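Report on one structure; see the data block that follows.
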Amino acid sequence: MVKRIIILLVIVFFAIIIFPLLKVDPTDSLSSLATKYIRDGADELGSANLVTSIVVTYRGLDTLGEVAVLFIATAGVGFLLRKKKNSSANKRRKSSEILSSGTSFLVPIIFLFGVYIFTHGHLTPGGGFQGGVVIASGVLLLMLSDVSLKFNHFLLSAIESFSGFFYIIIGILGLFLAGGFLDNRIFSLGTFGNIFSAGAIPIIYSLLGIKVGSELVGILGNLRDSE
Amino acid sequence: MAEIIYNISAIIALAGMIIALYRMVKGPSIADKAIALDVMTIISISLIVYIAAISQKIIYTDVALVYALISFIGVIAIARYLERGL
Amino acid sequence: MITIIVIVLGLIMIIAAFLAIYQKNLVAAVISAGVISLLASILYLLLAAPDVAMTEAAIGSGLTTVVFLYAISKIKKKDGE
Amino acid sequence: MLMLIGSLITLIGSIFLFLGALGILRMPDVYNRMQAGTKATTLGTILFLAGLALGYSHCTCWPRILTLILFIVFTNPISSHALARAAHHIGINLTEKSVTDKLAEDEAENGEKL
(Lines give C-alpha, C1' and ligand atoms only; values in the text may rest on other atoms or scores of the structure.)
Protein backbone atom coordinates (compact mmCIF):
# COMPACT_ATOMS: atom_id res chain seq x y z
CA MET A 1 0.00 0.00 0.00
CA VAL A 2 2.78 2.41 0.93
CA LYS A 3 4.54 1.50 -2.34
CA ARG A 4 1.43 2.40 -4.39
CA ILE A 5 1.10 5.74 -2.61
CA ILE A 6 4.76 6.55 -3.23
CA ILE A 7 4.37 5.70 -6.93
CA LEU A 8 1.30 7.93 -7.14
CA LEU A 9 3.15 10.79 -5.45
CA VAL A 10 6.07 10.45 -7.86
CA ILE A 11 3.70 10.58 -10.84
CA VAL A 12 1.95 13.69 -9.51
CA PHE A 13 5.33 15.32 -8.84
CA PHE A 14 6.57 14.71 -12.37
CA ALA A 15 3.25 15.87 -13.84
CA ILE A 16 3.66 19.17 -11.98
CA ILE A 17 7.19 19.50 -13.31
CA ILE A 18 6.46 18.48 -16.89
CA PHE A 19 3.12 20.20 -17.50
CA PRO A 20 4.55 23.75 -17.75
CA LEU A 21 6.81 22.48 -20.56
CA LEU A 22 3.76 22.43 -22.82
CA LYS A 23 3.71 26.22 -22.85
CA VAL A 24 7.46 26.72 -23.40
CA ASP A 25 8.26 28.92 -26.35
CA PRO A 26 11.74 27.86 -27.51
CA THR A 27 12.64 31.40 -28.52
CA ASP A 28 11.76 33.45 -25.45
CA SER A 29 14.76 33.90 -23.18
CA LEU A 30 18.19 33.00 -24.52
CA SER A 31 21.52 33.31 -22.78
CA SER A 32 24.12 35.63 -24.28
CA LEU A 33 26.17 32.72 -25.64
CA ALA A 34 23.13 31.24 -27.43
CA THR A 35 22.31 34.67 -28.83
CA LYS A 36 25.85 34.95 -30.21
CA TYR A 37 25.63 31.48 -31.81
CA ILE A 38 22.29 32.27 -33.45
CA ARG A 39 23.40 35.71 -34.69
CA ASP A 40 26.87 34.83 -35.99
CA GLY A 41 26.86 31.05 -36.51
CA ALA A 42 25.45 30.90 -40.02
CA ASP A 43 27.70 33.65 -41.39
CA GLU A 44 30.83 32.44 -39.64
CA LEU A 45 30.70 28.73 -40.46
CA GLY A 46 28.44 28.55 -43.53
CA SER A 47 26.30 25.63 -42.32
CA ALA A 48 22.55 25.70 -42.92
CA ASN A 49 21.88 23.53 -39.87
CA LEU A 50 22.93 25.52 -36.81
CA VAL A 51 22.89 22.49 -34.49
CA THR A 52 25.47 20.81 -36.69
CA SER A 53 27.83 23.76 -36.58
CA ILE A 54 27.54 23.95 -32.80
CA VAL A 55 28.06 20.20 -32.33
CA VAL A 56 30.96 19.83 -34.76
CA THR A 57 32.80 23.13 -34.51
CA TYR A 58 31.99 25.26 -31.47
CA ARG A 59 31.63 22.19 -29.24
CA GLY A 60 33.79 19.83 -31.31
CA LEU A 61 35.83 18.64 -28.36
CA ASP A 62 32.65 17.33 -26.67
CA THR A 63 31.80 15.31 -29.78
CA LEU A 64 35.30 13.83 -29.72
CA GLY A 65 34.68 12.83 -26.10
CA GLU A 66 31.35 11.19 -26.98
CA VAL A 67 32.98 9.13 -29.71
CA ALA A 68 35.67 8.10 -27.22
CA VAL A 69 32.92 6.96 -24.79
CA LEU A 70 31.36 4.82 -27.53
CA PHE A 71 34.79 3.35 -28.32
CA ILE A 72 35.30 2.44 -24.65
CA ALA A 73 31.87 0.75 -24.60
CA THR A 74 32.82 -1.33 -27.64
CA ALA A 75 36.13 -2.29 -26.08
CA GLY A 76 34.38 -3.28 -22.84
CA VAL A 77 31.86 -5.49 -24.64
CA GLY A 78 34.64 -7.19 -26.60
CA PHE A 79 36.68 -7.66 -23.42
CA LEU A 80 33.91 -9.08 -21.24
CA LEU A 81 32.24 -11.50 -23.65
CA ARG A 82 34.11 -14.73 -24.26
CA LYS A 83 34.51 -15.99 -27.81
CA LYS A 84 32.60 -19.12 -28.66
CA LYS A 85 34.86 -22.08 -29.41
CA ASN A 86 32.69 -24.35 -31.55
CA SER A 87 30.38 -22.43 -33.84
CA SER A 88 26.75 -23.25 -33.21
CA ALA A 89 25.41 -21.39 -36.24
CA ASN A 90 23.66 -24.51 -37.52
CA LYS A 91 21.71 -24.76 -34.25
CA ARG A 92 19.87 -21.54 -35.14
CA ARG A 93 16.82 -21.76 -37.31
CA LYS A 94 17.28 -20.65 -40.92
CA SER A 95 15.35 -17.63 -42.13
CA SER A 96 12.67 -17.88 -44.76
CA GLU A 97 12.96 -17.20 -48.48
CA ILE A 98 10.92 -13.99 -48.32
CA LEU A 99 13.06 -12.53 -45.55
CA SER A 100 16.35 -13.24 -47.33
CA SER A 101 15.25 -11.89 -50.71
CA GLY A 102 13.67 -8.84 -49.07
CA THR A 103 16.92 -8.26 -47.20
CA SER A 104 19.02 -8.44 -50.36
CA PHE A 105 16.72 -5.82 -51.84
CA LEU A 106 16.53 -3.51 -48.82
CA VAL A 107 20.09 -3.49 -47.47
CA PRO A 108 21.59 -1.40 -50.33
CA ILE A 109 18.76 1.13 -49.89
CA ILE A 110 19.44 1.33 -46.14
CA PHE A 111 23.19 1.84 -46.72
CA LEU A 112 22.49 4.53 -49.32
CA PHE A 113 20.11 6.27 -46.92
CA GLY A 114 22.69 6.19 -44.13
CA VAL A 115 25.27 7.77 -46.46
CA TYR A 116 22.68 10.40 -47.40
CA ILE A 117 22.08 11.22 -43.74
CA PHE A 118 25.71 11.76 -42.81
CA THR A 119 26.77 13.58 -45.96
CA HIS A 120 23.81 15.98 -45.70
CA GLY A 121 24.38 16.58 -41.98
CA HIS A 122 24.94 20.31 -42.51
CA LEU A 123 21.70 20.76 -44.50
CA THR A 124 19.10 18.44 -42.90
CA PRO A 125 18.61 17.17 -39.35
CA GLY A 126 20.87 14.24 -38.84
CA GLY A 127 24.57 13.71 -38.99
CA GLY A 128 27.29 11.29 -38.08
CA PHE A 129 25.63 9.47 -35.21
CA GLN A 130 22.29 9.03 -36.95
CA GLY A 131 23.89 7.88 -40.22
CA GLY A 132 26.15 5.47 -38.38
CA VAL A 133 23.20 3.96 -36.54
CA VAL A 134 21.27 3.54 -39.81
CA ILE A 135 24.25 1.74 -41.40
CA ALA A 136 24.59 -0.50 -38.34
CA SER A 137 20.86 -1.30 -38.63
CA GLY A 138 21.45 -2.43 -42.22
CA VAL A 139 24.19 -4.80 -41.07
CA LEU A 140 21.85 -5.96 -38.30
CA LEU A 141 19.21 -6.85 -40.92
CA LEU A 142 21.87 -8.91 -42.75
CA MET A 143 22.70 -10.67 -39.46
CA LEU A 144 19.05 -11.47 -38.78
CA SER A 145 18.42 -12.94 -42.24
CA ASP A 146 21.69 -14.87 -42.69
CA VAL A 147 22.58 -17.17 -39.80
CA SER A 148 26.07 -18.01 -41.11
CA LEU A 149 27.29 -14.45 -41.71
CA LYS A 150 30.92 -14.08 -40.64
CA PHE A 151 32.45 -10.85 -39.40
CA ASN A 152 36.02 -9.80 -39.99
CA HIS A 153 36.64 -8.15 -36.63
CA PHE A 154 40.17 -7.11 -37.61
CA LEU A 155 38.88 -5.18 -40.65
CA LEU A 156 36.16 -3.54 -38.53
CA SER A 157 38.63 -2.31 -35.94
CA ALA A 158 40.99 -1.12 -38.68
CA ILE A 159 38.22 0.96 -40.32
CA GLU A 160 37.24 2.34 -36.92
CA SER A 161 40.78 3.34 -35.93
CA PHE A 162 41.61 4.92 -39.29
CA SER A 163 38.48 7.08 -39.29
CA GLY A 164 39.24 8.19 -35.73
CA PHE A 165 42.85 8.94 -36.77
CA PHE A 166 41.77 11.12 -39.71
CA TYR A 167 39.26 12.91 -37.47
CA ILE A 168 42.09 13.94 -35.14
CA ILE A 169 44.28 14.89 -38.15
CA ILE A 170 41.57 17.25 -39.43
CA GLY A 171 41.27 18.70 -35.95
CA ILE A 172 45.02 19.38 -35.78
CA LEU A 173 45.00 20.87 -39.30
CA GLY A 174 42.51 23.39 -37.96
CA LEU A 175 45.14 24.52 -35.44
CA PHE A 176 47.55 25.46 -38.23
CA LEU A 177 45.31 26.60 -41.10
CA ALA A 178 42.39 28.22 -39.22
CA GLY A 179 41.38 29.49 -35.83
CA GLY A 180 41.78 26.48 -33.57
CA PHE A 181 41.31 22.77 -32.90
CA LEU A 182 38.51 21.28 -35.07
CA ASP A 183 37.85 24.56 -36.86
CA ASN A 184 35.95 23.84 -40.07
CA ARG A 185 37.33 26.77 -42.08
CA ILE A 186 40.36 24.87 -43.37
CA PHE A 187 38.54 24.59 -46.72
CA SER A 188 36.57 27.34 -48.41
CA LEU A 189 33.05 27.75 -47.07
CA GLY A 190 31.38 27.49 -50.49
CA THR A 191 27.86 28.58 -51.35
CA PHE A 192 25.43 28.59 -48.43
CA GLY A 193 23.08 25.60 -48.77
CA ASN A 194 25.07 23.48 -51.25
CA ILE A 195 26.33 19.98 -50.55
CA PHE A 196 29.95 21.08 -50.91
CA SER A 197 29.80 23.89 -48.40
CA ALA A 198 30.48 24.56 -44.72
CA GLY A 199 34.18 23.74 -44.98
CA ALA A 200 35.21 20.52 -43.25
CA ILE A 201 31.84 19.69 -41.65
CA PRO A 202 30.74 17.09 -44.29
CA ILE A 203 34.15 15.38 -44.12
CA ILE A 204 34.12 15.27 -40.31
CA TYR A 205 30.57 13.93 -40.32
CA SER A 206 31.44 11.23 -42.86
CA LEU A 207 34.35 10.08 -40.71
CA LEU A 208 32.13 10.15 -37.61
CA GLY A 209 29.44 8.11 -39.39
CA ILE A 210 31.90 5.44 -40.50
CA LYS A 211 33.40 5.31 -37.00
CA VAL A 212 30.07 5.05 -35.16
CA GLY A 213 28.74 2.49 -37.66
CA SER A 214 31.76 0.20 -37.34
CA GLU A 215 31.72 0.49 -33.54
CA LEU A 216 28.04 -0.49 -33.31
CA VAL A 217 28.55 -3.37 -35.78
CA GLY A 218 31.42 -4.52 -33.57
CA ILE A 219 29.17 -4.52 -30.48
CA LEU A 220 26.43 -6.49 -32.28
CA GLY A 221 28.89 -8.98 -33.76
CA ASN A 222 30.49 -9.57 -30.37
CA LEU A 223 27.06 -10.11 -28.80
CA ARG A 224 26.13 -12.66 -31.46
CA ASP A 225 29.36 -14.61 -31.60
CA SER A 226 29.89 -14.98 -27.86
CA GLU A 227 28.54 -17.55 -25.44
CA MET B 1 -12.80 23.84 -43.53
CA ALA B 2 -9.94 21.76 -44.90
CA GLU B 3 -7.85 22.34 -41.78
CA ILE B 4 -10.71 21.07 -39.59
CA ILE B 5 -10.95 17.87 -41.67
CA TYR B 6 -7.17 17.37 -41.36
CA ASN B 7 -7.41 17.77 -37.57
CA ILE B 8 -10.31 15.30 -37.39
CA SER B 9 -8.22 12.80 -39.38
CA ALA B 10 -5.33 13.14 -36.94
CA ILE B 11 -7.69 12.60 -33.98
CA ILE B 12 -9.09 9.43 -35.62
CA ALA B 13 -5.53 8.15 -36.12
CA LEU B 14 -4.77 8.88 -32.44
CA ALA B 15 -7.88 6.88 -31.46
CA GLY B 16 -6.49 3.98 -33.50
CA MET B 17 -3.27 4.24 -31.53
CA ILE B 18 -5.18 4.00 -28.22
CA ILE B 19 -6.98 0.86 -29.46
CA ALA B 20 -3.63 -0.68 -30.45
CA LEU B 21 -2.36 0.11 -26.95
CA TYR B 22 -5.33 -1.79 -25.49
CA ARG B 23 -4.34 -4.84 -27.55
CA MET B 24 -0.79 -4.44 -26.27
CA VAL B 25 -1.97 -4.39 -22.66
CA LYS B 26 -4.30 -7.35 -23.10
CA GLY B 27 -2.65 -9.45 -25.83
CA PRO B 28 -2.43 -13.08 -24.76
CA SER B 29 0.81 -13.90 -26.61
CA ILE B 30 4.01 -12.05 -27.49
CA ALA B 31 3.05 -12.07 -31.18
CA ASP B 32 -0.09 -10.03 -30.41
CA LYS B 33 2.00 -7.39 -28.66
CA ALA B 34 4.44 -7.26 -31.57
CA ILE B 35 1.52 -6.69 -33.98
CA ALA B 36 0.32 -3.85 -31.80
CA LEU B 37 3.84 -2.34 -31.90
CA ASP B 38 3.80 -2.60 -35.71
CA VAL B 39 0.46 -0.80 -36.00
CA MET B 40 1.57 1.91 -33.57
CA THR B 41 4.72 2.47 -35.66
CA ILE B 42 2.67 2.93 -38.84
CA ILE B 43 0.29 5.37 -37.14
CA SER B 44 3.22 7.37 -35.74
CA ILE B 45 4.74 7.70 -39.23
CA SER B 46 1.44 9.23 -40.36
CA LEU B 47 1.40 11.57 -37.35
CA ILE B 48 4.97 12.72 -37.99
CA VAL B 49 4.14 13.69 -41.57
CA TYR B 50 0.98 15.43 -40.30
CA ILE B 51 3.08 17.47 -37.82
CA ALA B 52 5.57 18.31 -40.58
CA ALA B 53 2.73 19.52 -42.81
CA ILE B 54 0.93 21.69 -40.29
CA SER B 55 4.14 23.24 -38.93
CA GLN B 56 5.29 23.93 -42.52
CA LYS B 57 8.72 22.28 -42.22
CA ILE B 58 9.85 19.90 -44.97
CA ILE B 59 12.86 18.61 -43.07
CA TYR B 60 10.72 16.93 -40.41
CA THR B 61 9.79 14.23 -42.96
CA ASP B 62 13.36 12.91 -42.71
CA VAL B 63 12.45 11.53 -39.28
CA ALA B 64 9.53 9.66 -40.86
CA LEU B 65 11.88 8.24 -43.50
CA VAL B 66 14.19 6.90 -40.79
CA TYR B 67 11.19 5.35 -39.05
CA ALA B 68 9.83 3.67 -42.17
CA LEU B 69 13.23 2.19 -43.02
CA ILE B 70 14.50 1.16 -39.57
CA SER B 71 11.64 0.31 -37.24
CA PHE B 72 10.61 -2.93 -38.96
CA ILE B 73 13.98 -4.40 -37.96
CA GLY B 74 12.83 -4.45 -34.33
CA VAL B 75 9.73 -6.51 -35.22
CA ILE B 76 11.85 -8.90 -37.32
CA ALA B 77 14.24 -9.29 -34.35
CA ILE B 78 11.32 -10.20 -32.07
CA ALA B 79 10.12 -12.75 -34.63
CA ARG B 80 13.58 -14.29 -35.00
CA TYR B 81 13.90 -14.45 -31.20
CA LEU B 82 10.57 -16.28 -30.95
CA GLU B 83 11.56 -18.89 -33.55
CA ARG B 84 15.07 -19.31 -32.00
CA GLY B 85 16.99 -17.89 -34.94
CA LEU B 86 18.64 -14.91 -33.30
CA MET C 1 -4.53 20.45 -31.68
CA ILE C 2 -0.87 20.06 -30.79
CA THR C 3 -1.86 20.09 -27.10
CA ILE C 4 -4.30 17.20 -27.64
CA ILE C 5 -1.58 15.17 -29.36
CA VAL C 6 0.89 15.87 -26.55
CA ILE C 7 -1.58 14.87 -23.80
CA VAL C 8 -2.69 11.65 -25.53
CA LEU C 9 0.88 10.59 -26.35
CA GLY C 10 1.99 11.36 -22.77
CA LEU C 11 -0.79 9.21 -21.32
CA ILE C 12 0.08 6.33 -23.66
CA MET C 13 3.75 6.66 -22.62
CA ILE C 14 2.85 6.48 -18.91
CA ILE C 15 0.74 3.35 -19.47
CA ALA C 16 3.53 1.74 -21.52
CA ALA C 17 6.06 2.57 -18.78
CA PHE C 18 3.87 0.84 -16.18
CA LEU C 19 3.61 -2.18 -18.50
CA ALA C 20 7.38 -2.27 -18.95
CA ILE C 21 7.89 -2.38 -15.19
CA TYR C 22 5.11 -4.67 -14.03
CA GLN C 23 5.12 -7.34 -16.74
CA LYS C 24 6.51 -10.76 -15.82
CA ASN C 25 7.50 -11.66 -19.40
CA LEU C 26 10.77 -9.96 -20.30
CA VAL C 27 10.16 -9.82 -24.07
CA ALA C 28 6.83 -8.08 -23.49
CA ALA C 29 8.64 -5.53 -21.31
CA VAL C 30 11.14 -4.93 -24.13
CA ILE C 31 8.25 -4.30 -26.56
CA SER C 32 6.74 -1.79 -24.10
CA ALA C 33 10.08 0.03 -23.87
CA GLY C 34 10.09 0.19 -27.68
CA VAL C 35 6.68 1.90 -27.61
CA ILE C 36 8.02 4.48 -25.15
CA SER C 37 10.93 5.46 -27.39
CA LEU C 38 8.58 5.47 -30.42
CA LEU C 39 6.34 8.10 -28.84
CA ALA C 40 9.22 10.01 -27.23
CA SER C 41 10.58 10.79 -30.65
CA ILE C 42 7.24 12.33 -31.71
CA LEU C 43 7.35 14.48 -28.57
CA TYR C 44 10.91 15.59 -29.40
CA LEU C 45 9.66 16.56 -32.87
CA LEU C 46 6.88 18.63 -31.31
CA LEU C 47 9.45 20.39 -29.10
CA ALA C 48 11.29 21.41 -32.33
CA ALA C 49 14.29 19.09 -32.01
CA PRO C 50 14.39 16.95 -35.19
CA ASP C 51 18.01 15.89 -34.58
CA VAL C 52 17.19 14.30 -31.24
CA ALA C 53 14.02 12.80 -32.69
CA MET C 54 16.00 11.12 -35.45
CA THR C 55 18.54 9.70 -32.98
CA GLU C 56 15.77 8.39 -30.73
CA ALA C 57 13.98 6.83 -33.73
CA ALA C 58 17.08 5.10 -35.03
CA ILE C 59 18.47 3.86 -31.71
CA GLY C 60 15.34 3.28 -29.63
CA SER C 61 13.24 1.35 -32.11
CA GLY C 62 15.89 -0.84 -33.71
CA LEU C 63 19.16 -1.26 -31.88
CA THR C 64 18.21 -1.30 -28.18
CA THR C 65 15.45 -3.85 -28.82
CA VAL C 66 17.94 -6.17 -30.48
CA VAL C 67 20.60 -5.70 -27.80
CA PHE C 68 18.03 -6.49 -25.07
CA LEU C 69 16.83 -9.56 -26.99
CA TYR C 70 20.42 -10.83 -27.38
CA ALA C 71 20.97 -10.38 -23.64
CA ILE C 72 17.71 -12.20 -22.78
CA SER C 73 18.55 -15.12 -25.07
CA LYS C 74 22.03 -15.43 -23.49
CA ILE C 75 20.48 -15.49 -19.98
CA LYS C 76 17.91 -18.12 -21.03
CA LYS C 77 20.72 -20.28 -22.46
CA LYS C 78 22.67 -20.05 -19.18
CA ASP C 79 19.58 -21.02 -17.19
CA GLY C 80 18.84 -24.00 -19.42
CA GLU C 81 22.24 -25.63 -18.92
CA MET D 1 -10.11 23.30 -53.70
CA LEU D 2 -7.04 21.08 -53.93
CA MET D 3 -6.74 21.32 -50.16
CA LEU D 4 -10.34 20.14 -49.68
CA ILE D 5 -9.76 17.10 -51.93
CA GLY D 6 -6.54 16.33 -50.07
CA SER D 7 -8.25 16.58 -46.70
CA LEU D 8 -11.00 14.19 -47.79
CA ILE D 9 -8.37 11.66 -48.99
CA THR D 10 -6.61 12.04 -45.61
CA LEU D 11 -9.92 11.45 -43.81
CA ILE D 12 -10.46 8.20 -45.76
CA GLY D 13 -6.91 7.14 -44.94
CA SER D 14 -7.36 7.83 -41.23
CA ILE D 15 -10.58 5.79 -41.24
CA PHE D 16 -8.61 2.89 -42.74
CA LEU D 17 -5.97 3.31 -40.02
CA PHE D 18 -8.70 3.23 -37.36
CA LEU D 19 -10.29 0.14 -38.93
CA GLY D 20 -6.91 -1.61 -38.96
CA ALA D 21 -6.48 -0.87 -35.26
CA LEU D 22 -10.07 -2.04 -34.62
CA GLY D 23 -9.23 -5.23 -36.54
CA ILE D 24 -6.38 -6.11 -34.22
CA LEU D 25 -8.79 -5.59 -31.31
CA ARG D 26 -11.72 -7.64 -32.64
CA MET D 27 -10.25 -10.46 -34.72
CA PRO D 28 -10.23 -13.92 -33.08
CA ASP D 29 -6.62 -15.14 -33.46
CA VAL D 30 -3.08 -13.94 -34.18
CA TYR D 31 -3.10 -14.56 -37.93
CA ASN D 32 -6.37 -12.71 -38.56
CA ARG D 33 -5.15 -9.81 -36.43
CA MET D 34 -1.95 -9.75 -38.43
CA GLN D 35 -3.65 -9.39 -41.79
CA ALA D 36 -5.93 -6.67 -40.44
CA GLY D 37 -2.97 -4.84 -38.96
CA THR D 38 -0.91 -5.01 -42.14
CA LYS D 39 -3.22 -4.61 -45.12
CA ALA D 40 -5.57 -2.00 -43.73
CA THR D 41 -2.88 0.15 -42.18
CA THR D 42 -0.68 0.05 -45.30
CA LEU D 43 -3.55 1.33 -47.45
CA GLY D 44 -4.50 3.83 -44.74
CA THR D 45 -0.98 5.25 -44.52
CA ILE D 46 -0.69 5.59 -48.30
CA LEU D 47 -3.96 7.54 -48.46
CA PHE D 48 -3.09 9.65 -45.39
CA LEU D 49 0.30 10.70 -46.80
CA ALA D 50 -1.05 11.29 -50.31
CA GLY D 51 -3.78 13.55 -48.96
CA LEU D 52 -1.29 15.56 -46.91
CA ALA D 53 1.04 15.94 -49.89
CA LEU D 54 -1.88 17.13 -52.04
CA GLY D 55 -3.16 19.66 -49.53
CA TYR D 56 0.13 21.10 -48.30
CA SER D 57 1.98 20.94 -51.61
CA HIS D 58 4.10 24.00 -50.77
CA CYS D 59 5.69 22.38 -47.73
CA THR D 60 5.60 18.62 -48.24
CA CYS D 61 7.35 17.86 -51.49
CA TRP D 62 6.10 14.94 -53.58
CA PRO D 63 9.38 13.00 -54.03
CA ARG D 64 9.88 12.57 -50.30
CA ILE D 65 6.30 11.38 -49.76
CA LEU D 66 6.62 8.94 -52.70
CA THR D 67 9.87 7.55 -51.22
CA LEU D 68 8.17 7.20 -47.85
CA ILE D 69 5.23 5.30 -49.42
CA LEU D 70 7.67 3.00 -51.26
CA PHE D 71 9.57 2.24 -48.05
CA ILE D 72 6.35 1.42 -46.20
CA VAL D 73 5.13 -0.83 -49.03
CA PHE D 74 8.44 -2.71 -49.05
CA THR D 75 9.10 -3.08 -45.33
CA ASN D 76 5.66 -3.67 -43.81
CA PRO D 77 4.87 -7.07 -45.42
CA ILE D 78 8.33 -8.46 -44.61
CA SER D 79 8.01 -7.87 -40.88
CA SER D 80 4.45 -9.19 -40.86
CA HIS D 81 5.51 -12.35 -42.70
CA ALA D 82 8.40 -12.99 -40.31
CA LEU D 83 6.09 -12.57 -37.33
CA ALA D 84 3.44 -14.91 -38.78
CA ARG D 85 6.04 -17.60 -39.47
CA ALA D 86 7.43 -17.28 -35.94
CA ALA D 87 3.94 -17.51 -34.43
CA HIS D 88 3.26 -20.67 -36.44
CA HIS D 89 6.59 -22.16 -35.38
CA ILE D 90 6.04 -21.68 -31.65
CA GLY D 91 2.64 -23.34 -31.95
CA ILE D 92 0.05 -20.62 -31.54
CA ASN D 93 -3.21 -22.27 -32.55
CA LEU D 94 -5.53 -21.10 -35.28
CA THR D 95 -9.10 -20.19 -34.39
CA GLU D 96 -11.68 -22.96 -34.55
CA LYS D 97 -13.51 -21.46 -37.51
CA SER D 98 -10.49 -21.58 -39.84
CA VAL D 99 -10.67 -24.22 -42.55
CA THR D 100 -7.12 -24.74 -43.89
CA ASP D 101 -3.48 -24.57 -42.77
CA LYS D 102 -1.17 -25.00 -45.76
CA LEU D 103 2.08 -24.55 -43.81
CA ALA D 104 1.21 -27.39 -41.42
CA GLU D 105 0.28 -29.59 -44.41
CA ASP D 106 3.62 -28.86 -46.07
CA GLU D 107 5.51 -29.58 -42.87
CA ALA D 108 3.68 -32.92 -42.48
CA GLU D 109 4.53 -33.77 -46.09
CA ASN D 110 8.23 -33.00 -45.80
CA GLY D 111 8.54 -34.40 -42.31
CA GLU D 112 10.40 -31.36 -40.96
CA LYS D 113 9.78 -27.87 -39.73
CA LEU D 114 10.06 -25.49 -42.66
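Going by the order they are written in, the chains are A, B, C and D; count residues from 1 in each one.
Keep in mind that, in the parts below, contacts are C-beta pairs under 8 Å (C-beta built on N, C-alpha and C of every residue); 3 or more make two chains touch, one makes a residue touch a chain.
None of the values given here were measured: they were computed from a predicted structure.
Interface comparison, B-D versus B-C: the pair with the greater number of contacting C-beta pairs is B-D. A separation of 12 Å divides the Cα centre of subunit B from that of subunit C. Subunit A and subunit B have Cα centroids lying 24 Å from one another. Look at where the CA atoms of subunit A average out and do the same for subunit D: the two points lie 31 Å apart. Within subunit B, the positions touching two or more other chains are listed as 10, 17, 34, 54, 59-60, 62-63, 65-66, 69-70, 73, 76-78, 80, 82-83, 86. Counting partner chains per residue, subunit C shows two or more touched chains at residues 50, 53-54, 58, 62, 66, 70. Multi-chain contact residues, meaning those touching two or more other chains, occur in subunit A at positions 93, 95, 99, 106, 109, 117, 125-126, 130, 134, 137, 140, 224.
A complete list of chain pairs in contact reads A-B, A-C, A-D, B-C, B-D. On the side of subunit D, the complex with subunit B involves touching residues 3-4, 6-8, 10-11, 13-15, 17-18, 20-22, 24-25, 30, 33-34, 37-38, 41-42, 44-45, 48-49, 51-52, 55-56, 59-61, 64-65, 67-68, 71-72, 75-76, 78-80, 82-83, 85-87, 89-90, 92.
The part of subunit A that touches subunit C in the complex is made up of residues 11, 18, 21-22, 24, 26, 51, 117, 125-127, 129-130, 133-134, 136-137, 140, 216, 219-220, 223-224, 226-227. Of all residues in subunit B, only 59-60, 62-63, 65-66, 69-70, 73, 76-77, 80, 83-86 touch subunit A in the complex they form.
Interface of subunit A with subunit D (complex): residues 93, 95-96, 98-99, 102, 105-106, 109.
Those residues of subunit B lying in contact with subunit D across their complex are 1-3, 5-6, 8-10, 12-13, 15-17, 19-20, 22-23, 29, 31-32, 34-36, 38-39, 42-43, 45-46, 49-50, 52-54, 56-58, 61, 64-65, 68-69, 72, 75-76, 78-80, 82-83.
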